[in-house]
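In this document, chain identifiers A, B, C, D, E and F correspond to the written order of the chains, with residue numbering beginning at 1 in each.
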Amino acid sequence: MIFMTKIIGDALPNIPWQDKPTACHEPIWRYSGNPIIQRHGTVIANSIFNSAVVPFKDSFAGVFRCDDRAVTMNLYVGFSSDGLDWEISDTPIVFSGEKAVTAVEYRYDPRVTKIGDRYYITWCNGYHGPTIGIGYTDDFKHFVQLENAFLPFNRNGVLFPRKIRGNYYLLSRPSDNGHTPFGDIFVSESTDLVYWGRHRFVFGTAPFASSGWQCTKVGAGPVPIETSEGWLLLYHGVINTCNGFVYRMGAALLDREHPDQVLCRTKYYIMGPEMPYEQCGDVPNVVFPCAALADANTGRIAIYYGCADTVTGVAFTTVDELISFMKSHSI
Amino acid sequence: MIFMTKIIGDALPNIPWQDKPTACHEPIWRYSGNPIIQRHGTVIANSIFNSAVVPFKDSFAGVFRCDDRAVTMNLYVGFSSDGLDWEISDTPIVFSGEKAVTAVEYRYDPRVTKIGDRYYITWCNGYHGPTIGIGYTDDFKHFVQLENAFLPFNRNGVLFPRKIRGNYYLLSRPSDNGHTPFGDIFVSESTDLVYWGRHRFVFGTAPFASSGWQCTKVGAGPVPIETSEGWLLLYHGVINTCNGFVYRMGAALLDREHPDQVLCRTKYYIMGPEMPYEQCGDVPNVVFPCAALADANTGRIAIYYGCADTVTGVAFTTVDELISFMKSHSI
Amino acid sequence: MIFMTKIIGDALPNIPWQDKPTACHEPIWRYSGNPIIQRHGTVIANSIFNSAVVPFKDSFAGVFRCDDRAVTMNLYVGFSSDGLDWEISDTPIVFSGEKAVTAVEYRYDPRVTKIGDRYYITWCNGYHGPTIGIGYTDDFKHFVQLENAFLPFNRNGVLFPRKIRGNYYLLSRPSDNGHTPFGDIFVSESTDLVYWGRHRFVFGTAPFASSGWQCTKVGAGPVPIETSEGWLLLYHGVINTCNGFVYRMGAALLDREHPDQVLCRTKYYIMGPEMPYEQCGDVPNVVFPCAALADANTGRIAIYYGCADTVTGVAFTTVDELISFMKSHSI
Amino acid sequence: MIFMTKIIGDALPNIPWQDKPTACHEPIWRYSGNPIIQRHGTVIANSIFNSAVVPFKDSFAGVFRCDDRAVTMNLYVGFSSDGLDWEISDTPIVFSGEKAVTAVEYRYDPRVTKIGDRYYITWCNGYHGPTIGIGYTDDFKHFVQLENAFLPFNRNGVLFPRKIRGNYYLLSRPSDNGHTPFGDIFVSESTDLVYWGRHRFVFGTAPFASSGWQCTKVGAGPVPIETSEGWLLLYHGVINTCNGFVYRMGAALLDREHPDQVLCRTKYYIMGPEMPYEQCGDVPNVVFPCAALADANTGRIAIYYGCADTVTGVAFTTVDELISFMKSHSI
Amino acid sequence: MIFMTKIIGDALPNIPWQDKPTACHEPIWRYSGNPIIQRHGTVIANSIFNSAVVPFKDSFAGVFRCDDRAVTMNLYVGFSSDGLDWEISDTPIVFSGEKAVTAVEYRYDPRVTKIGDRYYITWCNGYHGPTIGIGYTDDFKHFVQLENAFLPFNRNGVLFPRKIRGNYYLLSRPSDNGHTPFGDIFVSESTDLVYWGRHRFVFGTAPFASSGWQCTKVGAGPVPIETSEGWLLLYHGVINTCNGFVYRMGAALLDREHPDQVLCRTKYYIMGPEMPYEQCGDVPNVVFPCAALADANTGRIAIYYGCADTVTGVAFTTVDELISFMKSHSI
Amino acid sequence: MIFMTKIIGDALPNIPWQDKPTACHEPIWRYSGNPIIQRHGTVIANSIFNSAVVPFKDSFAGVFRCDDRAVTMNLYVGFSSDGLDWEISDTPIVFSGEKAVTAVEYRYDPRVTKIGDRYYITWCNGYHGPTIGIGYTDDFKHFVQLENAFLPFNRNGVLFPRKIRGNYYLLSRPSDNGHTPFGDIFVSESTDLVYWGRHRFVFGTAPFASSGWQCTKVGAGPVPIETSEGWLLLYHGVINTCNGFVYRMGAALLDREHPDQVLCRTKYYIMGPEMPYEQCGDVPNVVFPCAALADANTGRIAIYYGCADTVTGVAFTTVDELISFMKSHSI
């Protein structure tokens, strides 16, 4: 395979992978063993779905959203040797830190970003409403919680995997205190991961009549993948049908030095709920990408996504597939 | 088979058909090969569902609602030799006409009515909100768009297949600009398909306590079939459950010379979402009839309907089955 | 007074009039005797507010919206020698006509348009929801009702006072079945006042951030006044505050031969609710213009408007005041 | 089997039963032949779901909610020799009684309580809105309707199976006139089943952050089972997701002499919609328990529950399983 | 004055009174000194409005809704020698009784009914939502609270001033837990003021198109006045305008022995918000009658009503004025 | 006058002032010349209401919210020699700064905080929704805009008048994108007025049943006044009646070194809409404090507040009046 867009990052030879089925004409294809994590993946789990997976030592570690059988939301650590078969803890992650910060009502929808040797976790944090929590771990055993990045109400906080022009950059989607029927993506900067500012609009919803699948809200998905073309951002877009929201996946390219500048963005969605495990579950019709592994050597990308807010799936693509699709079906 | 109600129209010996299964006690039965058109029936399709099918030359032609992968709504032409296996175009229909009329935001939910030798298309047309677009073709290659019949907001415009007392007649359902939670059927007249008036109420929703499936809204479905008993109108009725709208199919008989007079109307629905492809999809629990073929020789009727706003199904009945059912379960 | 814009129409030397107060810097000024009609202006009246006044013989006649003490809405005829002091009937207008047309649930918000020697009345007509009723009288004694112009749901139907390029022209504002929180102005054509078509968008709401007073909905007010510059249309615009709608008055100029083309439109409102009788009443904070008298000799204009959906007021301007204001504060 | 909690009641040796699958780690397990009643279980049925089943003579009788094909709601009697295979009537139950009481708009969601030798039925009764209807039968052939227990709006009325401190006790959930988005459980007393009073709050919803599955509303399910530990109440709890309500099952223990005192209540749900017939149907994602059989000899309990408002399922547990689960996962 | 309808009750020679102004053509006229109680009528009062006034010894006593400056709602006792000038307590009424009953969240909108020598108070009582509280006093010094009549949600509980066919009768209006946008009047019976049943619908809202002022909700006002024609019930009716609810007053006649039977009911309202103190205040546009004094000797009636949820007004009528108006303007 | 609480700040001998009327029993009294600024206070003004006033040189300067006659919101500078009679500019303030920051949709509800010799302005700033804008001026001629403090959606940003423990502190109220029906007060810190963090909850709404006037939302008002007891914060509280929001004024004391710690807070409101200019206007029933002057010598405080979103009023109190009232009527 010749690929032209270069992933800026490490090789990941053990990335989970299946070749594209010959009958598939789409830029992304599902893992044949989906869902990789069932709803009762742990004894107390009602559902395990929005996953945050990273290479860790010679294998993989992750932080998982697990709603327990009380349907309370929390974060759990998990490990896997192949990225597909996961052992997930039965007890939620305990964060050390200032009590005013760690005493939260709930945690959900984590992302994990490696910066240097440290693994930062960002998630939706229940502090008088949903906002963006930040913490870190060096070993997936001990976790430290930092200050919340923002005031409520916010969701889908995603940290860039390196400093840009000297600052940390954090994507997020300002929200309200319910099932928010709107939502645009912004980026904020920080020198120290405590104080945030220089907030900039990145992109918002698209018109119903020209790109309906993302006309109600959009939110950042996995940690952006740095490529020679720009930051590759997978995101979710939502349309509000008469019978509820449908969550689908799209992709955008952001400028490497000025991530609030959008270079390219899919007019077409790249994956939507079509399989029974995506169409049926606690929240029907949800495909929600939260993590991606990328192999700089081959351009392969494995995407982890929540299915119907109930189980976890994996899908595959390559940086070339995705970027060529984006360029030919851009907004 | 002896039948007592006569279909006023042409013989259609090649109408798609399956006999009623012996175990079936209902007035309508599904085609065993449903859905006949899958959601990715064309390369760019997200879904193909509300179909408008007519006999054309020795085979069949149709105008299809296809939402592409941007989930934008448009009309596409298709052809079939047997009415079941369809070739649908990858590019939307282009209408010629006055630019102020053809420059619309979206087109969806077409119906095709043959009057004389011309095939008229009516659809939901995005002109500052949904309204009823009208166009025609003689050959399913060249399409001309006429003036919108009405001001916004309107949906489910269905043209009668002949003039009545000298005028064209058009059914429609006034709406609002969202997921309209109400809706009654009206009929309007025109001498020239441009100016419309003499609007009359035909029928509306039924009380929740006596015919709940049609208590939220009703809308005309396929082009009415003229019979010796009256115009046979298949329509959809909607109930609003705590988890969304459910769309089912009913039937009414309208007076042949005064179509605003309802002779009979089903208290019971005649088909509802029960199959997985009707219960799951982009909009769960939708059975939405948009076209019907009828054979005057045998009384056979083949109904095309959208399933869960995602795929297309076919169901069968006969004029006698339907009218005897209507008469024994009338409102 | 030298005036540059010419009113195309009749002289009206007995037009009600007060000169502009010297301290007034605004394009419109209120009659010092406002409100001219009190809420109990007739024995059975709860409120009399949205008036339709025309010169008639040597004096004035009008059709009034009076909500009686059951708060049911209907039309009543009234007469006045000076246009300020009115005698209004205690019994509603009875329309002759086809029973399917005249048997309506309510009538409100009339406008009266003289075309030739006939006085046409358009109003919001309750036929399975609000739509535009049309009738006429030659003598303000006998009234004939014609077909409804449109399907429901519609309000604020206003007929142009002459045929344009051979057709009748009717402004209206498509609505929903409640306290519609949206609304744009359209124009439709007819050859015979029965069948209507060639519907065109005229203008809609303005952005909240640039002309907030008209960001929720707009609707045509009095019958347009033909001037050498174009059709002068007074209209209402609405903003939705946290404590309800506020209705104010604006003005637009429409092309004389193509009334869907907007030549000019006020960014600033020209009158809003400021007086106690405009701020308090059955619906607080409403200024709703429904009629205007114009004197071609002097350019004087007397505007009749409903106040707080309770009483009737009059305000004055001249065609020059208004058009110079429009041109200097246009959107 | 040694069991420690004693069911206060009769032996029921023919209770439907399947042993717990070895792989099952949950307190309740589904019948392998679910659903036991299909949606078209009778010729006119659209759906048969919320069942009220009791031992009757040597077999079983029941009162079923069947929505017919008009989707009107009514009660139907049924009989079964094994509690799993049911014969359900095609015609609704006719109640004798005062006409002002029996002339109702609809009946749904029945419960059947045996007190002495009489079978009392409570249900949601359409009298100017939903309220609690009460009737009785001695033979499941003749049915008598008594006065409604309450004013509208109320649902989920469940009668205790004996008098407590001399009075009848009735659980219920005050509601509104729509798809009520709130709801707590109350208990009321009566000396004669006609006049009700001494209304007490029993328990309400739980906080979203600590027991989310029951944060929107709760309602009593089957007739409480008397045990040595207290009244065992199965109930439903609801969460409102962005795509609709999810109904799950929980359990509580109420004091035997003061049923408004809650001794214990599950923080975790005990069963939720996971099977296709629970996730898909006329109302997706509904598990709604309405009846339970209990065998005092073995502690076995068979729970009947509605699935997706469409079909009927059965699940099994024992009093010990349930109470030990409740005690280890209590709010 | 000759009057034909006889008030069944005591003479009340010191009833507050003003003769009807000669210019008044309406059935009710306001006291010229309105409002009789200002919003800061006590030091801690934000507003004092919905009053319950009765003759007591040789003068008058009352129970008042006073919202204090925390805008918390409670009941306060007051006394007056002339019924117009009131001394109202600074501290709320303390009720003795069972703690589970008296420990309520709020009390508002009282009515006082004398039955025998005892003064019963009914009010809207905050027990897990609004319901109907009942208490009594013999001396307006000591107050005892009984059981709540109903489950939540209910408002406007009004007790008839004598037993009817052996039972107590209580009017009420089932509600929801917010600013209820619906509401009909029901009547319930009790033998002991503790257990209530035999609930019957009395009357509901009227159609928007025929009696719009009472199309959204209706609720009982003062204690019914027994007359030779039937129970004279003053009530409030509400319409929902685009800028909020408007509360007006109407009247009905109920059968003396079967109070659920409506003999007559005003199509026209009898008083609506027209004065500044009725149109402006904490809740604009509210006229809310809560008490009435009647003199059997003269037929005079003095009505106490809340104005804009802020102050208290008085209006006058006679039984003959009212009943002749009702009969000539009945629904 | 002896006063016990000391204002920490400058003497302001020319503070506007009127002594407390003898009949007044309340902690705050209105200026007898209210409103001090009328709605048409400038030629282009529709309304001038939420004012930010500070001592400047020997007189006073201010930044005013003026909605012009397009009802667009912007900030205008004004000057006054006595704090009561104001000259307000006809053209909005122009801010210099980075274009991405200054190019906003609207500006409203300013506060002005003097820190050192610089006057900082915070306001509600339209950047893809309402957020908190920050700028400064040294001379009220040249204005510089800094970065927005937060992501949308936020309102009522108020800066403390000195650094606390080395950091700037900013109060705000997270909101949604409409007429937010909720709202709590938070405080955030910054080292440089660009990057903000360490967000802490300060206080939120109070229960409806115990302090109803502030049960819907609360928001900081004028810049906190430092006193020997703590930071004196005037704020607004809102209740949602059936006819709209009512805005009233309350007060709280915050710890001087840890402003997220509430020492005291009024259960009673201290001023509410009672005057015609507070009850009627573009948004009825609004008292909205935005600025306060304080004289350290006398303890006098002059409060500037918006009235009905239309005009500007002034009220007076002293630090002793206020704090003794707070302490005796605390939550």
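The rule we apply is simple: a residue touches a chain if its C-beta (ideal position, glycine included) is under 8 Å from a C-beta of that chain, and two chains touch if they have at least 3 such contacts.
Everything quoted here is computed from the prediction, not taken from an experiment.
Different-residue interface: subunit B and subunit D share under half of the residue numbers found at their contact.
Here the C-alpha atoms of subunit A line up with those of subunit D after a rotation of 120°, rounded in steps of 5. Between the chain pairs A-B and A-F, more C-beta pairs are in contact across A-F. More than half of the contact pairs at A-D come back, by residue number, in B-D, the repeat among B-C, B-D or A-F. Subunit E and subunit F, compared by their mean Cα positions, are separated by 41 Å. Rounded to whole angstrom units, the spacing between the C-alpha centres of subunit D and subunit F is 55.
In subunit A, the residues touching two or more other chains are 243-244, 276, 280, 284-285.
Chains that are in contact with each other form these pairs: A-B, A-D, A-F, B-C, B-D, C-E, C-F, D-E, E-F.
On the subunit F side of its complex with subunit E, the touching residues are 25, 209-213, 239, 241-244, 246, 267-269, 272, 274, 276, 279-280, 284-285, 329. Residue ranges of subunit C in contact with subunit B, taken from their complex: 100, 127-129, 131, 147-154, 172, 174, 176-177, 182, 184, 186, 188-191, 194-201, 204. Partner subunit A is touched in their complex by these residues of subunit B: 39, 43-44, 46, 67-73, 105-106, 126, 179, 243-245, 280-286, 309.
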